[in-house]
Amino acid sequence: MGNLYHNKTAQWLVYAAFFAGLAVIPMTVDDSFLLNQLATYGVYGMLALSISLCWGFGGILNLGQGIAFGLGAYGMAMTMQMQTQDESNPIPPFMLNNSLDHLPMLWQPFQNTYIGMILAVAAPTLFCAVFGGIMFRARVSGPFFAIMTLAMLSAFYTIIIDRQPYTGGVNGLTPPSSLQFAGFEVDPYSPTAYWVVFSFLLGATVLAKLITQSSFGLVTQAIRDDSERVRFLGYSVAGYETVIYTVSGLIAAVAGCCWVMLVQYVSPAQLDVGFSLSMVIWAAIGGRYSLLGSIIGAFIIQGAQSYLGDAFLATWLLILGGFFIVVVRFLPNGLASLVESGLGLFATKRGPASAEPNGDAKPIPAE
Amino acid sequence: MPGLLEIHNLSKSFDTTKVINDFSMEVTEGTLCCLVGPNGAGKTTTMDLITGRIKPTSGKIVFANEDITAKHEHIIARSGIGRKFQVPAVLRDMTVRQNLEVAYSRQTNPFWNLFKFRVAGLKQKLDEIATLAGLTGRLNDRAGILSHGETQWLEIGMVLMQEPRLLLMDEPIAGMTEGEIEKTVRIFRDLRKTATLVVVEHDMGFVREIADEVVVMHMGSLLAQGTIQQIEGNARVREVYLGEQEAA
Amino acid sequence: MDLGSLLNALILGVSIASIWLIAALGLTIIYGTAGVINMAHGEFIMLGAYSSYMLQFYLGVPYLLCLPASFVIVALVGLALERGLIRYLYNRPLDTLLATYGVSLVLMQGVRLIFGSDPKYLAVPEIFQSNVMLGSASISTFRIVVLGVTALLVFALWLLFYKTRFGVQVRAVMQNKEMAASFGINSGRIYMMTFALGAGLAGVAGALFGVLAIVLPTMGASYVVQAFLMVVVGGGSLAGSVVASGVTGEMQSVFAFFTNDTFARFIIFVLIVVFLRFRPQGLFAQAGARR
Amino acid sequence: MQFTRRNLLKTTAAASAALAAPHLWLPTASEAWGATLKKGEPIKVGLLFSLTGSLAVPEEDSTLVMQYAIEEINKAGGVAGVPIEPVIVDAKSDFAVYSEKAKELILREKVIALFGCYTSASRKAILPTVMQRDHLLYYPTCYEGAECTQNTICTGPLANQHSQDLIPFMVQQFGKRVFFVGSNYVWPKESNKNAKVWLQKAGGELLGEEYIPLGSSEFGPVLNKIREAKPDFIFSTVVGASDIAFHKQFKQEGFKADKMPIASLTTGEIETRAMGAEFGAGHFLSAPYFQTLDNPTNNKFVESFLKSKYGKNGTTHYNMEETYTSAYVFKAGFEKAAAAVGFENVTPRAIRDHSGGVRVEDNVSPEGLIWIDENNFNCWLKPKIGQCQADGTFKIVKAADNHVAPDPYSIYPDAGVCTKDGLKSPDGKIRKSVI
């Protein structure tokens, strides 16, 4: 018997247990703040998951995941903003302040909630497909792709700030009331909002997990390993990279929509380089090769930020920075690799030597 | 009957250096053709040109009556050309099993593969190839920890998993023991029944064992083509090889 | 608009270019030689500014002496960082990005704990607080100083990399580490030296930026992305960074002249993406710079 | 409008019904707050400022002065006889964290009021939460206006108050030709719109208007444009680190404060200290408060604040003073509400509803008497103009004779008038919560 960590059945069981645990929370907890906060962590978990899928499994480091997240969030915020406008008052207040006397074309589709929400997800996904398609066909990869996403992110960030009449500029968009959907009002502090995010996180995780276990996932991992070689096996590397980058963008876009549903706010800060970097950090800390590990990484970092950040006020960033350094230095595959080597001790095939940190003993990061 | 692979007047220059110069050859279906020549003759470059890794400056490559000149690597691979590299190229972070699974590339469309979890016929083929390559006991090991010989076998196994019509083997026996070489000879002879092979090799003994036809390259051009006996009797080939030896 | 104002914009562009360049110099050396993606580069710049502030405020060192002193101090910090952390990560270039991001947090907050979060300033001699008229165009004396220092450093680096034994060794290591080792070149030592050198260059940049703008624990964050883009567009070589910064600086100045500053930045980012799409290896790629 | 109507009709009936009454679910004020005060237990208020990151520079001072004010109030017997307990959090200069911390303070800590934010962006980030929980935010700094909610009280100057005196003063002193420079976001743009109104009235001429990205320190292109336009003075709404870079490069490029001064809405005592006084000297600032204001209340405030453990940064400035007075606005509003509805029944909303007209008298407010407008809950105050001196302090060169009324919609008369029930449009409709 090999390491339980790489056993697919065991993995599915752990995932099931994790989500069962999350599902119990709203039934036992009556704290609207905690529910809202955990739902927000769920959104961050989706982001970390999307990074893990793209970077851990696809080998594509994306420092611009904020593009998909931010565009999704803006789309959702526009939809919610338009829900609060009515016939007598068709234009969001910030536009009046910017001397717009009619609703711009860009905003018109968002008058319809359903079209708006579809656009909020479809537009960033399409962007990823086109941008990814162009870049991967040109065989841009590795650090170079990372830099391109960084530049693209900065471009979006600046243009949103500059086009204040259409985007609200630095202040962003603040839809004054919560999302109405099919006659229901989704109170961001209610268990409903929690369940919505929970379902999307569950859905995204199952999707990602299935992808990694499909033939597609196998080829993707092969591309991560040696993209050159895989071409000669007949696979279109650019095609695979584009698909995984786009799926990852889709998850991030959905996360953006959920985020706005929870906080009723979006600003260019969501497209800031720092935020996209923290998504990568979550995945790296949790373990980029593990989908669940990445989600937990986001939970840990954000939870610690919320609960320890104020306790250690002045030294918090020192602790956080130091933690990153230690994890990257000694646990290159994140906290998940602790579990892996822990389970490795029980595996019959391998002795304690497998705890050796250089990762030589690990066959593949299949999880 | 036209050859399975035809190369017409192929040329390739890097900057001002002509690496391949008006080179033409033809490989008949169901035969094993050895490509030989001194270092720098352009053998590997020719392989690169056939498989689309580099684009020719001029000339034409036809495979199974289809022009594949300057097409993308994966398109050429899909049309039925498998390649083993000179420096064995396997997926070092994946297990031997996964290497072979990836190589079983019946379905290459990314969207279809999203929904594929069990590939029909894979298990049987994998067992067969693993046995052939002698890797049955190492299926769950990481490819990166294999010995050089095992890595060679794995890559040959990967090419076989592709079930190509044309196999390009760049120095397949480098680093193999006597016994392994004999095994390779057996396998190649077997393969010839169902596929066509082009083998780049230095070891003339090995070439003598397997070649139906030999193509000699020199300075990027065709020097001679024929059976092994014809080649060994060819004065120009001798001159080139002897000249080489003198220079060395 | 007339020709005079366009000329003005072009002259200013040279100055902006020198600012982009000096911010990117240290990163060029570090990324170009060792492939390390140093996210703490901005914080090295910040440390340079604070070193100058410290020397000036507590020891009364004259400003011009602060420049070399900042170089030495930040180079030592870089040296310590390289020995303590970076050298374990050379074979994992993307991980250096994460680890150095952690370093940047630590440095930023450490400086805040020591010096407080209120801004500091660097005093410069009166002579640097004026401008020079070149016909109808005008440029501040201090911008000329920045330009001069940048030019001097580029020249010195060129000498170092192309005219000394050290430079030959560096380039040998960049081409092929194993091969260089067989010639008795200690690549670990080369990496250590270049990292310290790169950090020191950031220190000089910081001492200059502290005068142009503000000395704050967070001041470095705004430089690291733009510096990194310059290095990658340049291809990781010295000449590449010079050309990339030059073109970008001029573009920023001219676009800002025709439109506004924010939109100018947008155009530059988009052009960088388009450029890298067609030339992902950058302007002047160096062997070994890519991993 | 045709397009709009058709689209709206197409929306499903259910959604339209929900649209028509978007606030039906809102609980009553006390339910929304979810807590009641008990006599004898301290009153909790939340201090929502950034203590780390780039916004920490002004906001750390706000936290300190707020703690000082609370200590002072508690020493004098507290609010309605009960001490105030500050709950301090760090928003980390991250707008998402502002939102999270606001929720934590409101939902978990159950504070009765929030004091916080320095930028419009962070205010916008927390307003949805504040409004939905019918809570109360004291926003203690200047802002652009064009907002009308039932949940904010602002103690800083609005855009219409800020430049009303400054522009005519500058035109009179230095000439008609002016160049506007600002950071690229809402507040500078709105402030400039107001300034244009005053400029027109004063007969001035606008030569150009430039906006710099927030945080940018490259002013070369802008200064080139200014050099060409040759204005008589510059009107600046550049904020933060950029502002310091602007003043430094202004001098380094050879501009002279006595020939072409900068009239700013932001460059106060912290900024001049940070850039070095020689870069600030000679320029002008409009603010309701300066450290050098010479009156007994301010003298006492400056002296005892700087001596206290909260005065470690060594300066008082307009933003701190506005924060300080907001504590007293809270005290007055709370006591008025407690007197009206009984201590136990005080809710955030009740405080707000009773805060209309509350005054902070001369003997408490360092800037002099201020009071809260009964309709829009912004502050009546006297803007003053100071000129920066060689030592970085400001000399008051002009003080408004009368209090200036806050008007959040001064430049948007078509939008309506902000009343205490919401924004009343010209057709008589009232809309709550316009942000």
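In this document, chain identifiers A, B, C and D correspond to the written order of the chains, with residue numbering beginning at 1 in each.
Here is the rule we go by: a residue touches a chain if its C-beta (ideal position, glycine included) is under 8 Å from a C-beta of that chain, and two chains touch if they have at least 3 such contacts.
Quick caveat: nothing in here was measured; it's all calculated off a predicted structure.
Student: Among the chains, which one keeps its Cα centre farthest from the Cα centre of chain A?
Tutor: Farthest chain from chain A, going by C-alpha centroids: B.
Student: Nearest whole angstrom, what separates the Cα centre of chain A from the Cα centre of chain C?
Tutor: Here the centre of chain C sits 32 Å away from the centre of chain A.
Student: Could you grab the centroid distance between chain A and chain B? Build each centroid from C-alpha atoms only and quote it in angstrom.
Tutor: Chain centroid spacing, chain A to chain B, equals 43 Å.
Student: Using mean CA coordinates as chain centres, what's the chain B-chain C distance in Å?
Tutor: 48
Student: I'd like to verify one number: the distance from the centre of chain A to the centre of chain D, where each centre is the average of its C-alpha atoms, in whole angstrom.
Tutor: 35
Student: Mind pulling the chain A residues that touch 2 or more other chains?
Tutor: Residue numbers touching two or more other chains: 158, 161-162, 314, 316-317.
Student: Name the residues of chain D that each touch 2 or more other chains.
Tutor: 52, 184, 213
Student: Quick one: which residues in chain C touch 2 or more of the other chains?
Tutor: Where chain C meets two or more other chains at a single residue, that happens at 109, 112, 221, 260, 262, 265.
Student: Touching pairs of chains, all of them, please.
Tutor: A-B, A-C, A-D, C-D
Student: Which chain D residues qualify as touching chain C in the complex?
Tutor: 52-54, 56-57, 60, 184, 210-213, 215-218, 220-222, 224-225, 227-228, 241, 244-245, 248-249, 251-254, 270, 273-276, 278, 313
Student: Would you mind writing out the residues of chain A in touch with chain C in their complex?
Tutor: Chain A reaches chain C through residues 61, 134-135, 138-140, 142-144, 146-148, 150-152, 154-155, 158-159, 161-162, 273-274, 277, 280-281, 284, 314-318, 320-325, 328-329, 332.
Student: Where on chain C is chain D touching in the complex?
Tutor: Answer in residue numbers: 5, 8-9, 12, 15-16, 19, 109, 112, 116-121, 123, 128-131, 138-143, 209, 211-214, 216, 218-219, 221-222, 252-253, 256-257, 260-262, 264-265.
Student: Name, in rising order, each residue of chain B that touches chain A in their complex.
Tutor: 51, 53, 72-74, 77-78, 82-83, 85, 89-95, 98-99, 101-103, 105, 107-111, 113-117, 119, 140-142, 144-145, 158, 162
Student: If we count contacts the way the header does, which residues on chain A are in touch with chain B in the complex?
Tutor: The contact residues of chain A facing chain B are 2, 210-211, 213-216, 218-219, 221-222, 224-226, 228-237, 239-240, 243, 360, 362-365.
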